[in-house]
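Note that the chains are named A, B and C in the order they appear, and that numbering of residues resets to 1 at the start of each chain.
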Amino acid sequence: MTAPLMETRDLLIKFGGVTAANNVSMQIWAGQNLAIIGPNGAGKTTFLNICTGWLKPQKGKVLLEGHDITPLPPRKIVRRGVARAFQIPQLFTEHTALENLLISAAAREGLRNPLQNLHNIAQRDEMMHLLDLVHCADVADRVVVELSEGQRKLIDIAVALALKPRLLLMDEPTSGVASSQKHEVMEILVGALAEAGVTSVFVEHDMGIVARHADEVAVWNAGNVQLRGTPDEILEHPDVIRDVIGEEVA
Amino acid sequence: MNLTIFLLALFDGISYAALVFIVALGLTLIFGVMRILNIAHGSLYAIGAYATVSLTGFFLALGFAPVFAFPLMLVSAVLVGVLLGGPIEWLLLRRIYDKPEVLQLLVTFAVFMILEDVQRLVWGTQPYFQASALQALGNVTVFGVTYTVYQLILLPMVAIGLLLGLRFFLRHTVIGKLILATTEDREAAQSIGIDAERVFLFTFTVGAVLAGLGGALASPTTSILPGMGADMIVLSFAVVATAGLGQIGGAAVAALMIGLGRSFAVYVWPEVAVLVPYLIMVLVLLVRPEGLFGSPVARKI
Amino acid sequence: MTDISQNSTSSRASRRPSARTLLTLAGVLLLVAVPLIAPTMQLLINLALAKGIAVLGVTVLLRAGQVSFGHALFFGISAYVGAFLVASMPGADMMLVLACGVLGALVAGLLVGLFVVRYRGIFFGMLNLAFSMIFWSILEKFYHITGGADGIRLTRPTVLGLEMERGGFELVIFYLSIALMVGLGWFTLRWFVSPVGQVFQTIKTNETRLEYLGLSPRRVLLSGYMLSAGLCGVGGSLMAMTQGVVTPEYVWWVRSAEMVFIAVLGGAGSVRGAFIGALVYEIVRIYASAYAGDIWQLLLGGFLLVIILFAPGGIMGIADSLIHRKGTRQ
């Protein structure tokens, strides 16, 4: 039996009186597309923050392929192959879309030659391809701050993908993307992840997206995983309909 | 080190800390509310001192009693606040609240450069002395050490009075509560009808008055000369940074640490006395990057 | 554009070359000709070039959205290292003096940098100021070593083993300064558009993403800080050898302020602007000091306010908008 790609054991974190992670033990298996759903304030983003070292749990551990990575800062966890896309896109707002990706590729390959132009690095074509993949090739030379929320979300994901991670954690990847395009974008994204062999975890509020693009769903509530199962099992579960989907509709 | 020297160092440290605290209080108040570090604060301090010396000299020459120097200190401080502080906020800072921090620093730095020359133009480069206020209160002897009442009793009392007074003002008066609300969340405060611009103008003026008052109170104890503003801004920044930016009570503790550290160094190793405040600051920041009483602000992602 | 530290990334900069490149070339040639056409200006321009290289150091930091009010520290350390070297090793070579000075600035840059890269904005600017004040106090107080306020003489170093007359040495220093201006200016331009330089400039916009690219923002800032300290060191060393004496005034906060002023005047973030700013500044200062010596800082401060509030692009910004009247900028 192989170890999970990433595993958390008894994570506990409290902010003031609020318990944002309450003894969370969870496994993420290599190759899966795990969706995390749950009401706002259930601790989903906090979970991603702990897994990537941005927040340190008061108790518990995060393991990556069996190695304890809890004390590591985010950059060291990233270097071990865990990339992240954010709910609010974290981009270099004064750089162009392409430059954001080029910087990411340069960070991956190491920053050696101080006289080479960023635009001439060997990964330029690869990055153009990635931009194309997320439907942003036409805005490659536009400064990020001018782009729409949806475009920035997608570029944020592309920047994470440019690191060639083994595990990609995404926080609401399709929020801000026009609803008519959500499925198409997820289709391409999931396809690209599968092709590159990237395991993914994504927080999502849109149950339609979850139903179609996740192969497993974890339901978050009050700082812990309440239920876990296939999309069909979960989305028809009466508790989920009452606590999660009901809220989404409201 | 015998008892006499120990007491002398202690008294020097306390009176010095009281002065630095008064100036730092204005600096940290402005920063706490407006998120702006006013580099020109040092100039306001120097101008407060110059104004006091000039006014006192003028009125004593007319035959007024030396005690008259005290109300003139207040007058000078208020003049600095109203004639300089208010217009700086109103004409300049108001234009740059939404600009990057670097730019705000550059603007207050430019004001600082201008005011440094203004001092030279008005008062020249000759040092001034005006110790009437110091002499008017006489001396006191503690354990065989004679010290001026002005430095040992008046200055610390004013400092403590300002600390407690400002706390009371912020927590228990309407204007104080408006200031605190604006500090917490400017947009929310504006949305419930608080006039943030007036709050900022008021805060900056009060901060400037405190700088001027620091200079006014310092004037009888030292010679007034060009460059004192530059020294004071760095020193009061050291106090404020050691305490944690915006920490009013903390600034009192930091001022005492730095004041005492410096005065003891004067007796033990005079060459490094000037360095002690910075060394204390660097040591504190090495251990606690946000200062003694500051708390880290986590960025929300 | 409200921001002073403009971010002209490579693609945008390289698309408008000709006019700029030609003007730059013409400017450099004009400088090269100065000893022939205007020998009385040579010393003045040499000092301006030395300052310009130091200002380039401040410019580097502005690209990361940071301002240092204490970079004269590295200017001064380099100068004092050179002076001590020549004092203990009379007849040391000019290049050795320069190399040791810069090395001193780099070591100081590393030590101070390790501390200040933990901070941004206000703290960054003010802690740099504090460090320069510390060094200034040391220079003033330990006068038996440093010569106090009078400073120490830096007797003329040798050039490739040759003892030189004053005139010849000044000519050598002058052309060395031009060569360093061109070389370091070229390097800095290339560095700005290189991956490492581009990463450095992201400090200004998003350190969270930087961390999530697997990079340490502090280390990234430190690399640029070292570059800026080194550049200030080169400037300080050239200035010291040109003037033949180093004083605590090299480290005084007014000197740091002057560097920041020139960087903003030339066009914050612009390499050419650093040198144009320094030349304009020095020339204006010489002629203005006769009339306005007493209010020099006042004028500087007033001018700084005007630039920040009304012309945030500085001289280079104004020049660009003249060349590109059509306004293709976003």
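The criterion applied here is as follows: contacts are C-beta pairs under 8 Å (C-beta built on N, C-alpha and C of every residue); 3 or more make two chains touch, one makes a residue touch a chain.
According to UniProt, the chain labels map to these proteins: A = Amino acid/amide ABC transporter ATP-binding protein 1 (HAAT family); B = Amino acid/amide ABC transporter membrane protein 1 (HAAT family); C = Amino acid/amide ABC transporter membrane protein 2 (HAAT family).
All figures in this text were calculated on a predicted structure; none of them were measured in a lab.
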Taking CA centroids for every chain, report which one is farthest away from chain A.
-> B
Closest to the centroid of all CA atoms, by its own CA mean, is chain C
Chain A to chain C: how many Å between their CA centres?
-> 43
Distance between chain centroids, defined by C-alpha means - chain A, chain B (Å) = 49
Mind checking the centre-to-centre distance between chain B and chain C? Centres are C-alpha means, answer in whole Å.
-> 33
By the touch definition above, chain C meets two or more other chains at residues 208
Set of chain A residues in contact with two or more other chains | 86, 90
Quick one: which residues in chain B touch 2 or more of the other chains?
-> 301
Using the touch rule from the top, collect the residues of chain A that touch chain C in their complex.
-> 52, 73-76, 78-79, 83-84, 86, 90-96, 99, 102-104, 106-108, 111-119, 121, 141, 143, 146, 159-160, 163
Within their complex, state which residues of chain C touch chain A.
-> 7, 9-11, 187, 190-191, 193-199, 201-202, 204-206, 208-209, 211-216, 330
Counting only contacts in the complex, chain B reaches chain C at residues 37, 92, 95-96, 99-103, 105-107, 109-114, 116-118, 120-121, 230, 234, 237-238, 241, 245, 271-272, 274-275, 278-279, 281-282, 285-286, 289, 299, 301
Mind pulling up the chain C residues that touch chain B in the complex?
-> 2-5, 62, 65-67, 69, 115, 118-123, 125-127, 129-131, 133-134, 137-138, 141-142, 208, 253, 257, 260, 264, 294-298, 300-302, 304-305, 308-309
